[in-house]
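Input: structures, listed below.
Look for chain A in each of the two complexes below; its partner is chain B in the first and chain C in the second.
Then we have the complex of A and B:
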């Protein structure tokens, strides 16, 4: 049985093939498995479309959102965490990407105080509508009835006198 | 059972004043915000405030990776907002590049592309596809577009040598003549 030896060229080709295979495997292993749509959407639902207002990224059909979702997929495959990805989107596209208002204190405090002030005004108005009749007298209710009756009779008598 | 009624207690004056001041303030805030939303873009005649633009690698301006708008005083600036997902932007991409090729040798005009809410990967594909060579960078945190109050993309702003906005093109250019018609008067 004759032994065949590889020529230098064949060695070179073999070495190149092995090097390419090794490089490809290294890149593939470094990137990890491709994230699924569910994994991408889990983060996408916490972000908002840059073009259509108030549309979460996971359900937005625009091209811009598709690109953003691909960006999330890419970052996940690079091993970035959810917090890192969301922070990247905020840094790159502004706070509105996260759905948070730019000024949290003003955005939450003003409506809260407005509701409290409105409620206070409404209660005050209701009190003003209810109280006038009761505020006229401080006598007990039974006596008050007599007082009202007396006043009625007095006024009636006065009217009758005038007509005479 | 006796039903008694108590005399009305008046709300202290200072509380009433605070409530009214607050309500008037709230209305003022709503009015200002409504007015701002209806204002439209920055208007011609306004001096453009300073802002910074960071360029994509390979699309720098005179080798600088970042510039301040104030550094460009003395030159006519054509500021174009675009995005790779924007179909109308594609309509004017060739015209803008052609105009840049015409005006670049003069040294008096600067074209700046501001990429609006885009991913760099797709932006690069777009820039390569249309052979764009003028300076381009991302509108980080949408600060620049918020300042200009853009209503969408594409929008192009022509700023004169003194930093005063002279013309706003909303929507794509349909011909290079439209671009020349805005730049040439600013060079005289």
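Then we have the complex of A and C:
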């Protein structure tokens, strides 16, 4: 036998084998490795199941929640992104599946307005309290002059005395 | 029948409380007239045409008539009668509670409450604490505490404050009657099961043609509640809740009698301090329980039930600070009244929320029998109290003016503003899902992210104030005086922060947080130290004696400083776990290892066995290594309770000042060969939170401890009151 040469049939077989291998590989790569628990939990943390009030999905011990986590894992391995998965849960189970209230204006603006109103009220009250005292404000200033370095100690003693 | 006897006693207590409250009111017609006059908008209502107007004219005429009815001798005897009736409620409620405990301990499952919260396999101490393990029992427990405190208050010497007595009795008995009434008519722990032709149901009185039905075994206490933390946590919280009723009662008494100086505050200062102590400690214990039992690696989840207990704490803490302004400067009288009223109603709100779970949806609220009642009660007390405040508005005018925005009273006001802001955020977070459901039909979840984002800056603001407020003087302060007092600690705090920045973290929130912690701790210590050095110089004492004497002479101030320090230790823990928590989850085979936060965790062994108290324990053995060095083993486990058909995940914990290694056994099936799944957290610095809570106890006890001689304290307080009024 001279130099070994592959016949056409052999080429064909080799080609088919390689093609199959590549096809399997590419499918496997598209599917990706099974997502880890940490990847699942990262998304589950932001979700709330409709059954267990106020318990984030990543720590909820019920069987239903375990199945929901498995669903997240499947969706991840199908190549879905975090946003898509969260949106899917919101679409399926309602806005309460998300831990963040959907209406940002209502959820943040209302307390903010209340707080600002309170601040305004307080500043206004402070102004009103301060005004009538302007004329007498020289008295404490005069006092402040003749206290020297032990001013702090005097103040402390004075306050302690008052308690007696 | 013991249960019937218990029911009878509760019914009697209800009428005794009613009698006491009504007699107290009638003993003081003038005060009653004040209540009528203060009714909201009564002037306009009287002008209404027709029957409505006439009705309101009647209340007006009634008030006039009542004022003429004043008969001192009759008043005194009626007030005494009210007081005695009040004192009767505690023994009665004690008896009812003892009967309930007897039923709980002796497995009387024919009683519905006993069936719901106990089972044969539970140890006796848990059966006793099951008293507050369900709604009916905890309402009885609440009432029992309420009557104990009210009795305690009525037993004190009243010589100088005679006019307050009927109204303090009235408010306590009104509250007590509401809670006892709730227990008797809606959530009775003495209901029994009867078998009728239609089936088994719980009744208060045996229906015709029925036989008593006794189940074989009880449901058992929720396993989550079978934990030492859960045994002390509810009583602590309730002690705090109920103690706040007393300052509120005095505030109302002051409003009705028109004695609106700071007497009511001085009389109840210790009550509000102890209330605050119990409430704070109750909250911390609740956090610790969640950390140890709930198995989600944290201690606080911004759950509505937690927030319900947190809200009265916020107003209570604001009150604690703002009463000082009234005592020292005679300002903010109206505000203090409003704060204590708010605290009282938040306490009622919290009690009701903690046990009923009605917040989960509008429907749950409408269906529960007690929901609407509670809200009616809160509405009535709130409107009536605020109406009284408005009526006395003129008497509550400030005695002095604000001098500067940097004075201590001004800074305390900002502190109050921040506490109120946090309250607004929390309240909104709790009711937003309800309003959303009501108006749009869509249920929403308000998760921790909302609270953290909204409250974070507010907490930072509070910490900043905690740093500078102790340095500012009452009356007036300037940037100059403040700056002189704080530049040394501030520079030191900056240096510490720079070190943290260079060596540990670049996280902006952490840098701000740790700077504030260092700032407050250093200023507080500096202030303490300066006081001690000054005293050392003048009294020739050594430094430690000086510190002790300084604390002894002004326990309120220095106890307060210790509380501030403890809050900062807690802040270290909170910053650590909130910003730097690490977690990983994975399935390990025996001898396989995983690593997190510098720890190597090796799964060594697992066993499943049946425990003596009706649970199946699955316990894993996990070896812990750090840099190849063996640190010990941890035993995370799952306890499955047969009676309640519920599993509990108990973590294995390794606590150090640096961090907590917290391992949970998530799942393990003996049949499968895939190994066990663990969830592992590393919670940096979290133990500072628990350490801080211990220091907190020390501080608050120093501040709240009664003086050795109560008479002298009273005399002293009296002298001070006279001084203040003389100064005006």
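Going forward, the second predicted complex is superposed on the first by the 86 of 164 C-alpha atoms of A that agree within 3 Å, B and C clash if a C-alpha of one lies under 4 Å from a C-alpha of the other, contacts with A are read in each partner's own complex, and residues count from 1 in each chain.
What we mean here is this: a contact is a pair of C-beta atoms (placed from the backbone, for glycine too) under 8 Å apart; a residue touches a chain by one contact, two chains touch by 3 or more.
Predicted model, so just to flag it, every value in this text is computed and none were measured.
Applying the stated contact rule after C-alpha superposition, one finds that A:110 touches each of chain B and chain C. In the superposed pair of complexes, A:77 makes contact with neither chain B nor chain C. Of the two partner chains placed by superposition, only chain C is touched by A:119; chain B is not. Annotation for chain A, partner touching more residues between chain B and chain C: C.
By the touch criterion defined above, A:36 reaches chain C but does not reach chain B.
Contacts of A:56 after superposition on the shared chain: chain C is touched, whereas chain B is not. In the superposed pair of complexes, A:93 makes contact with chain B only, with no contact to chain C.
Residues common to the contacts of chain A with chain B and with chain C across the two structures: 94-96, 110, 114, 131-132, 137, 140. Those residues of chain C lying in contact with chain A across their complex are 295-297, 301, 303-304, 331, 357, 360, 398, 401-405, 410, 413-414, 417, 420-421, 424-425, 428, 432-433, 436, 442-450, 453-454, 473-476, 485, 530-531, 534, 537-538, 553-554, 583-587, 647, 649, 677, 679, 716, 720. For chain A in complex with chain B, the touching residues are 50-51, 62-64, 66-68, 70-71, 74, 90-96, 110, 113-114, 117, 120-121, 124, 127-128, 131-132, 134-138, 140-142. By the touch rule above, chain B contacts chain A in their complex via residues 1-8, 11, 19, 22-23, 26, 29, 83-85, 117-119, 121-122, 138, 140-143, 146. In the complex of the two chains, the chain A residues touching chain C come out as 36-38, 41, 48, 53-56, 59, 61, 94-103, 106-108, 110-111, 114-115, 118-119, 122, 126, 129-133, 137, 140, 150, 152-153, 155-157, 159-160, 162-164.
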